[in-house]
Amino acid sequence: MERILDKGQLGDWIAALDGWEVFAPVLQDDVWSYQPVRRATDSVRLNHPNTTQPPKNFAFPQREVFFTFEQIKGEAPRLTPLVPKSEQRVIFGVRPCDGRGLPRMDRVFTEQFEDTYYQARREQLAYVGLACNQPPGRNCFCKSVGGSPVSREGLDVLMTDLGDRYLLLAVTATGETLMRKAGSLLAEPTGVDRGEAGRVHLAAITHPQRAVSNTTSVPARLKANFTSPLWEELAKPCISCGICTFLCPTCHCFDINDETAGSVPLRGSRIRTWDTCQFPDFTMHSSGHNPRGSLGTRLRQRVCHKFQYFHENFGMFQCTGCGRCVTGCPVGIDIITVVNQVASAADLPLTGKG
Amino acid sequence: MGDNIYLPKLARVIHIKEEVPGERAIKTFRLEFMGDDGFEHECGQCAMLSIFGQGESMISIASSPLVTDYKQFSIMRAGRVTSAFHSLAVGDVVGIRGPYGNSFPVDDWRGKNLVFIGGGCGLAPIWPVIQTAVTKRGDFKNISVFYGGRSPRDIMYQVELDKLRSTAEVHLSVDRVEEGWQEFCGFVPANLMSKAPSPDNAIAITCGPPVMIKFVIQNLRSLGFRDDQIYTTIENKMKCALGKCGRCNVGKDYVCVKGPVYSWADLKELPPEY
Amino acid sequence: MINPQDLRTRARDLLAKGEVRAVIGYRRGSRGMAAEPVVITRPDDANSLVWDPTCVHNLALYLVEDCKQFAKVHQHPEKPIAIVAKGCDARAIVVLLQENYFKREDVYIIGVSCETVGVLDERKLAHHPAGVDLERLESAAFAGDDFVFTTASGEQRLSAREVMADRCLECRNPFPKTNNVVFGEEKARTLAAPFAALVRFEKETSTQPVRWSFWNHQFERCIRCFACRSVCPMCYCDECVVDSIAFAVMPDTTAEEKANRVRWIERSASRSDNIGYHMTRALHLAGRCIDCGECERVCPVHIPLRLLNTKLERDAREKFGYEPGASVEIASFVSSFRDDDPNDFIR
């Protein structure tokens, strides 16, 4: 289902989405972030580059309280699960790279062992995406990892900016529901509209972008270079912060900790928080043994997880080419360069074979 | 929406035994599910045990699946959660969720000779297989158990191992000899070589400190065991036990889901990062 | 003005003659105009070294990392390591020397003076009315009192003052006084009053409720990526007191020690724990922070962290007459006292 919406009527469409909590990108504190739209007062303009943080936070927040516990020694504890209420939320302005992040998170959280908390937040989450007309950012590389500036994957609606109006394309049944709420605000697209959209999409797709090269052979080439000394060399400037992974639309590592509020009786909560394979003690055993105790092994984990392991398990890269890790890295570690360099290094003998 | 995968069931501690004293103390706990809420398990699987307020720890279920009254866990005091376990008393209630991970293909091993090689606390993860094999004794051929500790005091399951001698070969060893010790003195891999079990129609199952496993596998192969005749368990730091928190992977496998049980044939295909 | 080639020649010589075992410097990055840190060990690699307005990083961080690597294997390097250091970076090295993190002879400081200009603040450039397209920039260069930006289609020249980092505008010590060799001249820079950003902020949030509301809002946004801590050379503790998880486990660490590890601040990004994290970290840097501004630059959500650190720096200056990183001869701030230290604020 395709329709045309006048740009000036975007606010009216949003106002018609009764029953939905609406979020849109806003420039606040000098960063672009998704903020709730309070219909009466806010005007949504969708003129953002991309948000600093991806929309994965909606389904997978930094802090998730699993349950509270209260226990007297010798007795059974009282556990109170705090599963969030499933709410209808729609996020406007989601870029195709971020849209593709959601199905990848779904593979992890909803297949084997469905994650109750993730599912509650995700099941009524809708993405109204915005195609990327403008030339890509310096570090965008969605095309080389199977995406595109006009990809619909993970989105419910794809909007294309045609200057004074948007072409709306319903991708899912939910997207169609959202569009139907606009009622008479929407018009049938004309031949001119479709032609314009086609031109805009073609221009977007043909904009030059940085690229991961020879992607079909990347998983095997990374596997062959597991022991390459390049990993330590490329990781040398790394400061082991969490920026690359926390800003990534598909990274999902987390920690679970008990935070106590009182000891007699024992009271507290079990809480999930974001964690990252880049922190030095992420894989540290209680014995002090750390399989990934060096910068190189941790860089290798991040890169291979995205470009090899996830591919071996699910047949797709876990990277959508949004470029946030490249732009955000305080010291310039660049995943595109890393993958290209390691994958093109001479093959090394695989160790571990008996 | 199904069960809440992060919400533990509850179990009461019905029995505590001090296996090994000292700095690296090991205690064996028997947990009984509270109410009707429990689960069955297979040999090799683990459970996430909770001490509320401290956290969770992934521990191998050490009792055989044939035992339904309780689940047994042998826990070495190593850090925060395990220390809290060592402070428990009979009657205390803990959390338990599981069973997690894959299992030893015990059914495939019927009619075979079983060679068990354990060290330190590593006897516990393979104990369910030993108990199952001994309970269904007729299903299996020769059973031998190689097990050692640093000193006689570090040998766990001493009473149970003695009971085994009537139906299986038990070869104990200690790294450091002490007065009165009658059996082998030296490391477990050396004890294995000195007895040189035959690889014919045999399966070897080993678990223990990483360095022991490395040499045991080397020795088994030199004795003629094929890679698919050798089974072990690997461990990594774990938090979710559900293949989601991203922490325990070796290559593409999350050990909490695809492991902990691996044949050497499969394990050697994974990157050497554990 | 510094000729970058002089820098490269010196680095090459030091390595070729075997006077140093490595040089920590800047090189061109792969993601546009920004420079990135590099550690070179071969004389030929000196060709890759650059010196331009995008050389913002405080390289002293890598001295700390280098020390830790040697400490892990209980060794001491035979030769010193060289480091390219701006004025601020050199003061960071002085603080590390005051704290005996390494010895003076272990480091060969190649000082670089930013003279009358400092380094670039990319955010200011992004907002500048000249509308420079950051996505297309290929390089930036010093040109007297200006910065010159180059794209594929040509050059754009801006007055450095308009896009310099705030910390550079306020900097009173742009010349790296502690050095083994220095490039560039010692020139006075009086572009903004010291602590100008802090004073502006205090005017804008002149009542306590307003200021508290401001900081509550800021700490609500923190995602605990720990980049601020990771990028700070002075945050070198293996075990951070405001991170309940980081724990330096050695083979002989007992179970009891692990069990008794106190969790002062939890890892989850609750507003109150975020406040505890940032406030405690700022206090632990009092008298040690030399205002390189890196913490604020790297924060992905743009929390104005400099305000916390410069507030304490001003307190150290005004209450105790102490300037962080001024001279190796002076003891570190919190580990020393003088009989005439003011105490009228102690109630």
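Note that the chains are named A, B and C in the order they appear, and that numbering of residues resets to 1 at the start of each chain.
Rule of thumb we're sticking to: a residue touches a chain if its C-beta (ideal position, glycine included) is under 8 Å from a C-beta of that chain, and two chains touch if they have at least 3 such contacts.
Since this is a predicted model, take the numbers as computed values, not measurements.
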Quiz item: Which chain has its C-alpha centre farthest away from the C-alpha centre of chain A?
Solution: B
Quiz item: Which chain would you call central, comparing Cα centres to the global Cα centre?
Solution: A
Self-check item: B-C compared against A-B, more contacting pairs
Solution: A-B
Quiz prompt | Where chain A and chain C are represented by their mean Cα positions, the distance between them in whole Å | solution = 31
Quiz prompt | Gap in Å, rounded to a whole number, between the CA centres of chain C and chain B | solution = 50
Quiz prompt | Gap in Å, rounded to a whole number, between the CA centres of chain B and chain A | solution = 39
Practice problem: At least two other chains touched by the same residue of chain C: list those residues. | Solution: 258
Quiz item: Using the touch rule from the top of the page, what residues of chain B touch 2 or more other chains?
Solution: 78-79, 82
Quiz prompt | Where chain A touches two or more other chains at once, by residue number | solution = 255, 257, 275, 284, 286-287
Self-check item: Complex contacts: residues of chain C adjacent to chain A
Solution: 29-32, 34-39, 57, 61-62, 123, 134-136, 218, 221, 223-227, 229-231, 244-247, 249-251, 253, 258, 263, 266-270, 294, 297-298, 300-302
Quiz item: What does chain A use to touch chain B in their complex?
Solution: 66-67, 69, 71, 73-77, 79, 81, 83, 108-109, 112-117, 119-120, 223, 226, 251-258, 260, 263, 266, 268, 270, 272, 275, 277, 282-287, 289, 291-292, 297, 301, 304-305, 308-310, 312-313, 351-354
Quiz item: Taking the complex as given, what residues does chain B use to touch chain C?
Solution: 23, 77-80, 82-84
Quiz item: Which of the residues in chain A end up touching chain C in this complex?
Solution: 29-31, 33, 52-53, 62-63, 135, 137-139, 236-237, 239-243, 246-247, 255, 257, 259, 271, 273-276, 279-281, 284, 286-288, 326-328, 330-332, 334, 336-337
Quiz item: Which residues of chain C touch chain B in the complex?
Solution: 254-256, 258-259, 261
